[in-house]
Amino acid sequence: MPSEKSKKRPVLVQVETPNLIPERDLGTIPVLQAEHLGIDFGGLTAVDDFNIAMGHTEISGLIGPNGAGKTTIFNLLTNVYKPTRGTILLDGYSTAGKSVTEVNKMGIARTFQNIRLFDQMTVEENVLVGFGNAMSTHLLTDLLRLPKHWRQEAEFHEKALELLDIFDMRRYADARAGNLPYGAQRRLEILRALATGPQVLLLDEPAAGMNPAETEELMENIRQIRDRFKIAVLLIEHDMSLVMGVCEVVGVLDYGRIIAKGTPEQIQSDPKVIEAYLGKQGVK
Amino acid sequence: MAAMLSVRDLHVSYGAIKAVRGISFGIDEGEIVTLIGANGAGKSTTLNTVAGLIKAESGSIEFRGEDIAGVKAHNVLKRGLALCPEGRRVFTHMSVAENLEMGGYTRSDEENRETLAQVFDHFPRLKERREQQAGTLSGGEQQMLAMGRALMSRPTLLMLDEPSMGLAPVLVEEIFAIVKQLNEAGTTILLVEQNANMALTVADRAYVLETGTIKKSGTGAELLVDDDVRKAYLGG
Amino acid sequence: MTRLGKAASDASVAYRRLPMVARYAINAVLVALFLVAGEALIGVKVVSRYQTGVLEQVGIYIIMAVSLNIATGYLGQLPLGHAGFMSVGGYASAIFITRMMPTMGLAAKDMATGSPAAVALFVGGIVFGGLCAAVCGLVIGIPALRLKGDYLAIITLGFAEIIRVVITNIDSVLGFTLTGGAAGLTGIPAYSSFLNVFLVVAVTIFLIHTMMKSRHGRAVLAIRDNEIAAEASGVNTTYYKTLAFVVSAFFAGVGGALYAGCIGVMDPSKFGFMKSVEILVMVVLGGMGSMLGSVISATVLTILPEALRAFADYRMLAYSIVLILVMIFRPQGLLGSYDFSLSHVIERVMNRDFPWRRRRTKKTTEEVQDA
Amino acid sequence: GGGSDTGTASDGGDASSIKVGVMGPYSGDVAQYGLACRNGAQLYFKQINADGGVNGKQIELSVQDEKGDATEALNVYNKMVEDGVSAIVGDVTSKPTIAVAQASVADNMPCVTPSATTADVISFGDNYFRACITDPFQGKVMADFAAKQGYKTVATIYNSQGDYETGVNGAFVEQAAANGITLTSEQGYAQGATDFNAQLTAIMSDNPEAVLSPNYYQDTGKIITQARQLGYKGVFLGADGWANIVGSDQDYASPEDLEGCFYDSSFVASNDDERVKKFVEDYKAEYDEDPTNFCALGYDAAMIVAAGLKAAEEEGAEAGSDDYRQAVIDAIAAGTVEGVTGSISYKGTGDPAKSTLIITFKDGAEEIFDTISA
Amino acid sequence: MQILNGLQLGSIYALVALGYTMVYGIILLLNFAHGDIIMVGGYLSWIVMARLGLNPALAVLLSVVGCMLLGVLIDKIAYAPLREAPRLSILITAIGVSYFLENGAQLVFGADAKVVPAFGDFGTVSVGGANLSVTALIIVAVTIVSTVVLTFLVQKTKFGKAMRAVSEDMGAARLMGINVNNTISFTFAVGSALAGIGAVLYCMAYPQVSPTMGIMLGTKAFVAAVLGGIGSIPGAVIGGFVVGFAEVGASALGLSVWQDAVVFLLLIIVLVVRPTGLLGRPMTEKV
């Protein structure tokens, strides 16, 4: 079972590979594959016949007008919504019938469009909650403060700080997450998702509310995360500079259906996409 | 001509946190003025204070020659000053139509019928979804609803707090087009934006806010080419 | 691109910390000192019998408040049936101990002597009481935790009322003597003393503390702060909600067990909704999620009605006014979510980090915010 | 009035006074009983002080509220012991009284409860006495009375969460069976219930000749009113919880509805007995209201305590000593007190041997129907 | 016969539950003091009729107006300062107010129950052979009328919509030009007036008032409101009747000792099957 496998999977091992080219179509199983995915809300078909196959270290983008169904797709992929139709395979295993928690343990982590942090907890604690998947002490061990408890706490304290370093956030480690500036909150959410040890990271509008300078830095960070941990990233974004700058493949969604797919360049010049989404300005 | 809205030496705090530290600015009738600045600069705090949601610590806010500092939000609105708040804040359990109806709370039914038609012209999507529960709208749809709702009170000064946040590029364009349109139709506009590029393009004048104080001001065109501004807010 | 926050990390290295062993040792010594001093003062009658009695109740309500705080302050739910668990624990332990006494050759007055058999029976009794309450917590928790907010509140209230009706009626229905029915359970030996009540308080606080400062506790807090995000971060929300609820019920049962041994009578009608509310008031008044807050407000609110005796007929009126005023002027509770740590205070002293010298450090945090 | 009018604590009071504790619920939902007992007891002690006190010493009262809660009752008890009381009048309701009774054994503190009727109360030690008769005794009295009246079918309706009500009900049901009376239905209700129509409708489907309502007067008032509205014409039987149902300044059930019903009690204000008449007069003069059963029991409990103290004083025991307390207990156990609720004496237990009155309602007034001697 | 019993009891629960639901609907407060407001209403009726010997109509008027004012006053003094505070703090304040009213009433009126004189001699009517109490019929009728009026008020009037807007987002409601404090006061006035009506009906059916009478009545009505889906007006009414019938039904089946347990068990079953009560709107949160 994948969940058992993923339980044992060490988190955040930095994979040393010189080759950073996405391994699309290399004959390996896609890390994430969805087929004919669809969901209806009452009469509204929010998503219909959505297909995706992602390579293990691919950065893909999902764009589309407001209300196109992008966030809904994330909710389907993480089993927050049960799909009306279609299948989702993670590393070849179906996620059907799994709880949100189990899907996360299988290897899909996400952030939210409207930030959802553990506001009252510290930044480090937020990350440590994510590390929960990798921690293994029994309740009694913790209650009685056996040596194993101390060893594990120390180990993950270090790991958490290392992770925070990615976004240069170590200095915030003891701050309350809810008190962080907006941009830092968005970044912390990404780190928390990373801490759960995913194979696929879903980012819902990570650059929302960031100014262009911050966005640029974020772009760099996303690449860096992919390179260090060798995971796939799927992101939703309205900020075209980010999408065009970092994504290797982009899908365009409108009214719940994919209307175009391809490299950023292809998308940018697709008249359908310009009409439905980009507008004249979007093409800069 | 005296400014329509003039804010002088405004200070606002949340407990120990000083969010706004003595800012002064003015808006003339018919202008589009924008406030830009980084996260946490105090932009929303300024708008909320003008709208009467937050109490100022000190300073004066004059609207059409009348001091409105300390006037309650519902009375501020009656003077013709509407705020479309950050984060949309639509009434999630009410339908789109009911949300718009609430927007016209201080207006007569007849006036509302007219305004509603205009709002639906600006935002056809809202017309399509008039019976949908607002909470289930997508982010962009909710933003449109929030703007439409603010318009329902027929304000003379409309304050918009990050109206383009989370919107598709084509919609951002649309929103700014609407902003211009509204302005041309006679509504004075105070715009707070993260998307400084667009904001400066449409604005007559602009103020740059940094940690609760005004760092720079000028016409939109001036600031668009200002080096410091470009570096900090325009990513170039 | 990763620039390391150099200054900040230097600062954290420079800050001297107490080793964990020392922290626990200091606290253990303090608890021991408190117990020994208390016993001695009672022994020489500086602390009178009346005061000792009130102190024992203070200890019991501390356990009730900190245990409810798990479900309320830490898990973020609003259970209104805590008194139900208290009564289950009280009855279970009282029945267990009274039934076991003959078997173990103990008489009622031996329970106070501290002989090994009595101690074993005492421990067995309160653990048994706690376990029975925990089982009820499990039975209640499974359906209740599917609900949110006020619906959870009312369903727990409902369960507690059912527990009360059951305790009142099972004797007459099943035809044997177990709970004493409406007449109550009487003749419970006085097995709670100042010493063992406060020993149990210390153990309870220790265990709750260690649970909360571990991955399990963090999972519970995460659920409180944002359940959807917790689920998406791999927290098994069903498991941890149930766990928090059951642990909360367990300690409530322990509190009830001590109560039975302290008062000597169990009256089912006293464990209704109002008792649950009384405990909830302690938690909220102290500050949700603050263990020290719960301890302080349980102490104050237990002593307050006694202290207000001088107001005679007006004392309950005075009590209610105090309640309203405190909430109006300190809506976040006496301590908010602040929790006291002696070790942190000692560390501050070690690092000469005093409030009057903090202006400089504060400025740096402001700069951090502005950045 | 009330409150803690204690002086500073000193063992046994000073030479010129004797300290006595009076406890009960003076706030909370059973406060009316506590207050009634307190008024009765205070009246008696006031009178005895006016007459020169006990053995020339004034009685000094420590009056404490326990809200009807066992925990507070224990606190109050401990406080009183510390304040050096020589005896206690209290507690009032059963559970707090039991808590106090259990704790008081070790101190051998003489206590007289005016009104705790549960059988248990006096079983923990020899130091506890009560002024009232017990629940089971009342149930038995009424079952015997029902048999004597020749009722063949009876039903009961009682508060199933009250110890008093279940106590009387249980004994009645048992004795009724022994007396060959058919119990058609036994209906419980919850504490605080106000609507009894459902239970009464169920009872009336068998149309029993009599219905026992062993509840307090407030509930019984509603039960009888609702039953009559539903058209029930039979007899209602009750216990001393009924006392106060009519008279004073308001009627809990209309006199017509009560006509021909019976209850047992040890006190009725309309009694012709000279002692009762004087008590009623004195009480009215002091508090400007009619005394209830509880007032009378409080008064008698105080009388019993005073008699015990008098004997101990005369024996010359040292106030506050073990001997003194034992002397009080011995004197109470051996003596007889002519109280306003009858002649009270103890025969080896803390339960009094005293006569019981069967009271009925005739032409809108209470009247003694029978006296059942001890 | 038992059906009318259930209707009468259910009507009173329903009316009280409506008050809970109104207040909950707007500020998400479980107004623990609601039952005690009814108690005060009961005493007002008693004062007018028993103490002053005045007309029952005056008693009805004074109870309703008195409760209304009391409700608004409680809001202004105890709840309004806490609008921005955590919800639990207001809950505790409500508990404080509840204690205050109970103990205050006991000091003023004494602990013992007072008998409220009859509002009139209504007798019975016979319908199809059964004797029906007119009092019970009046009670049922008043409840139905109150529900209809209230539903209209909340769903159709501008003021009602303002109430809903305030309940969702006070800040946004202010921006719409809604006077939030007035709206909340109005809600308390309506909810407490319902308590006043409830008090009168209660005294008609069970003519006694005592300082603690609000506790049990309040708890049952609270259960009714939750069972129906708290915040929902028709839900409160249905909940009231369900609780009324459950109690009567339990007694009719010979389970009278377990009456309370039956009611709460029913509540639990309903909530397990429908986590937001019979008519409560599902609490979906868009992710």
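Odds and ends about this structure:
Chains here go by letter, A, B, C, D and E, matching the order in which they are written, and residues are numbered from 1 within each.
Assume a contact is a pair of C-beta atoms (placed from the backbone, for glycine too) under 8 Å apart; a residue touches a chain by one contact, two chains touch by 3 or more.
This one's a predicted model, so the numbers in the text were calculated from it and none came from an experiment.
Farthest from chain E, judged by the mean position of CA atoms in each chain, is A.
Among the other chains, the CA centroid farthest from that of chain B is the one of D.
Note: centroid distance chain B to chain E, computed from Cα atoms, is 42 Å. Inter-chain spacing, taken between the CA centroids of chain A and chain D, is 74 Å.
For this pair, chain C with chain D, the centres built from the Cα atoms lie 39 Å apart. Multi-chain contact residues, meaning those touching two or more other chains, occur in chain A at positions 71, 80, 112, 181. Counting partner chains per residue, chain E has residues 103, 215, 257, 260, 287 touching two or more of them.
Touching two or more other chains at once are residues 165, 169, 172, 228, 313, 316, 369 of chain C.
Residues 1-2, 5-6, 8-9, 50, 103, 106, 110-115, 131, 133, 202, 205-208, 210-213, 215-217, 247-252, 254, 256-257, 259-260 of chain E touch chain D in their complex. Interface residues of chain B facing chain A in the complex, by the touch rule stated above, are 38-40, 125, 136-141, 143, 162, 165-174, 194, 196-197, 231-236. Across the complex, chain C is touched by residues 78, 80, 99-101, 104-105, 109-110, 112, 116-121, 125-126, 128-133, 135, 137, 139, 142-145, 149-150, 152-153, 165-173, 181, 192-193, 195-196, 217, 220-221, 224 of chain A.
Those residues of chain D that touch chain C in the shared complex are 2-4, 26-28, 64-65, 67, 69-72, 74-75, 78-79, 81-82, 94-96, 98-99, 102-103, 118, 120, 124, 160-163, 165-167, 190-191. Across the complex, chain C meets chain E through its residues 72, 78, 143, 146-151, 153-155, 157-159, 161-162, 165-166, 169, 172, 228, 273-274, 277, 280-281, 284-285, 288, 313-314, 316-317, 319-321, 323-324, 327-328, 331-333.
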